[in-house]
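Take a look at the structures listed below.
Same chain, two partners: subunit A is paired with subunit B first, then with subunit C.
This part shows the complex of A and B:
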């Protein structure tokens, strides 16, 4: 029995993937999300003002890592008084140096200064920063390039989705599994807790916690979205576990002497995972929306941040700067749409009844 | 009813905090028609108001507890014999303005000015010159109505409860006052209400003789007894007066010798006494029966009725009040005409309608559609949203300097900013030009200190506005011992055996412009190895944190008072609004001296010196002066700007008019 169940299980996933692949929209969405991940991972190489790799005074450095974490930026440049400006300083302080620059020389956190890149004027500021060859998506009121902001903002958008739903998924599955499998007073307790958490308005909770925190960061936002967004997942998991614990393979597993933890993890969970993945995917979409609306309201990550929602917030005071609305708006829309399409594709690919209905 | 008084007193500090907050955030500069800056005034009011007494229903406390020491005023004849009275100015603000305008050359005709787009300093000057003039005889439409707006409802219609900017706007028109000041903030007694004003040679007494032809809106005469009575009410600690007690608390006593003769007794001969004798007035015949029973002045049935339809002592009375929507004032006949004869000039507007609109975007729409006739424009609105025909079809806009300044405040009690060199390094590190040009659209002037460059108390030798100089900033930081010891790219210093990195939080309210300024500072300091965490903070929290000194740095602003002495509570050691913890004995001494010097030129030297010392010490990095930007309907004339905007001085709002069709 134990030997045959993994084979059948993998057969189920292979079958689901085969069906998923047939849906062009879902596949396009998956490709889009993969592209976003690529952009997020390579953000400092796509847009930035720090060299991707450079040779300086005989050694190789990768200052662009500073965009991921300040501590990764080599300190020799601060010591040599680069003041954050690489192109000229590299040449002046070591004529033998060379550097590989990002595709677009623009910074997501500040305006590029006059002649910072030899021969290029400073970014336009106020309401004059229309999209141009140099500033592909225009600049905001302070002269910060919108394209660079959006490239670096991709990381936030993706992280918010994955981290918060990672948290929500773990809590939801554990709570739901315990309630559904054990039943009795445990089920009673977890169901009531689930209902109570459902009543908490996420947005209000985030607003108040952000006001209380000494140093609010994007991680707090993710944690709160995750800690309040698991209820739907828990209910679904509980339902699946209730259903599956009566099934024959579980009885068989129990008969062979498997303990409850083993049964839950090894036998029930893999079979229950498909329907649970669907709300998680939708949850990622809604977490991205929540983060954007928070940033729009001014409660996002602390400035200067490159979050898409905060670009929208900049547009609020001057709607004639359409590029501050259109680009981040489209990006949020497409990302949320992509996750929803993936979720839907997943649902149809894994749910036999839906499959039948569509035929 | 008495039970409530304790509760109200408990609430008083909260009220002051909220209004003080308005000051820190700088809502449209709250002017006090009758005197010094509201912003500063409040602070003085706080210490005594926090001394909340236990709830008590017993009879009134003995006089000693009632805010004033018992005082027996000497006979008037004795005073007159000793005082050596010196005459002080009694003026009519409108007449003065009319005289002054006769000397001015008009730069454009009205039609030319109305056709102008305000896109240059020259155009602005033409518009102000042509449209700011007072009417020729018979030119003004005396039946006209002006539609104004306020950004919040009135807390109270009682004149002594005045504290928010909306209350100053409205109660300034319905209230009675003896004193005012002109557009260069020169104080005088108003000829509309005062026959003569004299000060004793030793500066300890002020004698005012009222005119005998002034009436309350219920027909009873306004007398010196009303003013003396109001003084005792304001000084009673049971009365929850939010703002006006600061100033009156510097007085020893106010005594009415007869219906017209009033003497103010001062504790000390201060230059600021002219502002202290200036407070709103209650009708004694109404309140003397009711206030002892209900010192909150708003809970008893009589007071509720009065709150709804107050007795007015000014040129206008409130005729309609829809809470949260609008307040309508109408000119009262008994102001200008007494006993069938015209004794005063009639105000130009028959009716003033105040709409209550909180959101500036909504008020701009209302201005464009002609629903309101005036508003304060934000820099972005001025630059980008008031250019087209939708605005200039009905409206015009003007700008003028205003004494409202913004700054970064450095908490001197933290290890970072205790050293003057570091505060100067901060000022050198900040890119002032980028802030002024990019973020402020080139509309604001750079600030160098607590007094405006054009004011009389500013030093003769102009102080240079700070300019960015990263080399100097780094040199100063190195000198002060903040270098990168541990090679992590961030400057640090060993304090008490621990290596402290130079990383601090910058508190700022959530207004986009101010967040952008802090972000610019972050970028600048980043370049020289100092880390800043910008923390946009909800405004009440920001106010609280700065009050309690729980901050490292913040961005805030102050509106200047009419008198430089009002800045003392920002700079004196341990003063209530000295958020940065600044302390310099010389500054303390200069403020104390400045108050006691009566000659203006000599006083100016004291304050100029203070300005220079503050410039050297840089407890603030001064950023900019926020000028006035106003949109006005094209039908409106007569706006003239003072350092405190177009309304809150004399004549101020009274000079506005509309031409006959």
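This part shows the complex of A and C:
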């Protein structure tokens, strides 16, 4: 049917993907990040004390959704005075009920009590909680399971990267594009603003803004990291736009009557995107680092949100609890490493100069 | 040249004005004042009564709106006075002078060590590019590059201060020295050195990993140039090509990197100094924010921004020295 259609050469991104796929480390990193996304999405089904699905008084419920947002937890259980303890209450209040439980019966926000799960002792507290069969990664000072905390903290680690770099990327691209394409006084202004922001000590800015807020949440942290991390992207975008502004296809587009916004968005941006994506990927890694170091210093989101960095903060007061350092530390390290590897793979796959060197 | 310098300096002054004004506004709008935050937290009974608080506020000039306070601060700074710390009852200049030494001890040592190791490593990696041993080294460096400092610091603390406690290898966990100031000089130096090992290690490995990767990347760019082929063709030996022809041409980006590391050299690292309770600038910064000590916050912000600007200017000027083709115009 399509016999007469011409053979299309593969596009730039298909070509880049083909080269990216040939790098085992970069692909492993991509697989790791996908795994993290899976863990974040399925967190309540991996570790929790609320049933994934249960049948109670003739209807099906999914109380585990309450881990994503309190309002998603069915109200019937509060009305029946479950008080967050499901296993016994389900059996006692409706003998005919059944439930599918999370893989690990542990809660990220509180310690599991004695006999809460039939026949299982309470979580060990203080420095007793070494990793064991029940508490895979051990427990913290208050007896909260570290594995559950980390599984639920994955969402934060991923969100921090994407949201803050989404913000930083948008600001950086807009500022850099305007400066690079329009030139003149606009370029003068945007370049100076970029330089000024670069000179502000980032950590001071973040710490003082966090102190300013009445109730800092994880979203504030992300917004601030994004609002301070755009300078490098802006400079790079400006450079790319300066270079591409001179190119023939832009002149051609202008000759056909395309306006400046259309030229910037449709003609220059797609061609400048590859080099801009690289620092954004590296930026995700550094945003995760910044968030975890903030939490580590005690300036992170307030409890109960369990960020990986805040687990490390707990370890500082008692270094003999090595499991509070090793597991979250390795998790942060692997995530940062994965994004750095993806960034590098992207760079090598899209930068023609690096490609030639590999001959 | 002179016009260039004047323009840069003028712009630098404007940048400093914008930054300090912004940070001052931020700091003054943080909840709590140095008078309430510190005392109220430690002991509620020591909270000032309202009249005393008003009086203290007047003394420190906190009763006026922040733009007025900023103008006053700026006036004093122009006359060379950074003000007095509210929570520490000392001139800010004295505080900074006290802290600069310990910070420089750690960051200076780390910088020298990192560069001493990074240049040979980077050259080695580019000389043996593609071989198994080069890949292994690069992978290790890459892993180190992604390893968060505070995690490494905690690991080191666990190993050297907890697991090796009681052995010869035990290293102190916190602070700069355990000895009184009148201990013999040599003993004090050894003690400070023992305290400095872990912070220096933490700060070194990060820059080492970054710098050697940076050098390798630049070298790979350089060895692809035509003049390298020419040098090889005329019969120059591999080491001569590497050092005389390739490495010398990568000095420009290196110089920029060196210039950009200037603020860190004196500003220190907040996280490392905080973990090891090292009495340096970074820790002073962190504490002054917590204590809402406006004069110290401002003094340090001013210093950091000036160093950043100076580092950028220095890098641009060194550029012209290293590469005569570049001109600042």
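What we mean here is this: the second predicted complex is superposed on the first by the 349 of 359 C-alpha atoms of A that agree within 3 Å, B and C clash if a C-alpha of one lies under 4 Å from a C-alpha of the other, contacts with A are read in each partner's own complex, and residues count from 1 in each chain.
By definition in this document, a residue touches a chain if its C-beta (ideal position, glycine included) is under 8 Å from a C-beta of that chain, and two chains touch if they have at least 3 such contacts.
What you see is a predicted model, and the numbers here were worked out from it, not measured in a lab.
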Touched subunit A residues, subunit B compared with subunit C: C
Partner chain in contact with A:103 - subunit B first, subunit C second, else both or neither: neither
Partner chain(s) touched by A:72 [first = subunit B, second = subunit C, both, neither]: neither
Contacts of A:188 with subunit B and subunit C, given as first, second, both or neither: neither
Partner chain(s) touched by A:265 [first = subunit B, second = subunit C, both, neither]: neither
Which superposed partner A:320 touches (first subunit B, second subunit C, both, neither): both
Partner chain in contact with A:211 - subunit B first, subunit C second, else both or neither: both
Touched partner set for A:31, first subunit B, second subunit C, both or neither: neither
Contacts of A:329 with subunit B and subunit C, given as first, second, both or neither: second
Subunit B/subunit C common contact set on subunit A: 211, 316, 320
Subunit A contact footprint on subunit C (complex, rising order): 11, 15, 18-19, 22-23, 26-27, 29-31, 142-143, 145-148, 150-151, 154-155, 157-158, 161-162, 173, 220-221, 224, 267, 270-271, 274-275, 285-286, 289, 297, 300-301, 304-305, 308-309, 312
Footprint of subunit C on subunit A - complex, ascending: 192, 195-196, 198-201, 203-205, 207-209, 211-212, 214, 285, 289, 292-293, 296-297, 312, 315-316, 319-320, 322, 325-326, 329-330, 332-333, 336-337, 340-341, 353, 356-357
Complex interface listing, subunit B residues touching subunit A: 380, 383-385, 434, 437-439, 441, 470, 474, 484, 487-489, 505, 510, 512, 515-516, 518-520, 522-523, 526-529, 531, 533-536, 538, 541
Subunit A residues touching subunit B - in the complex, by the definition given at the top: 70-71, 73, 75, 78-79, 81, 83-85, 109-111, 125-127, 141-143, 211, 215, 298, 302-304, 313-314, 316-318, 320
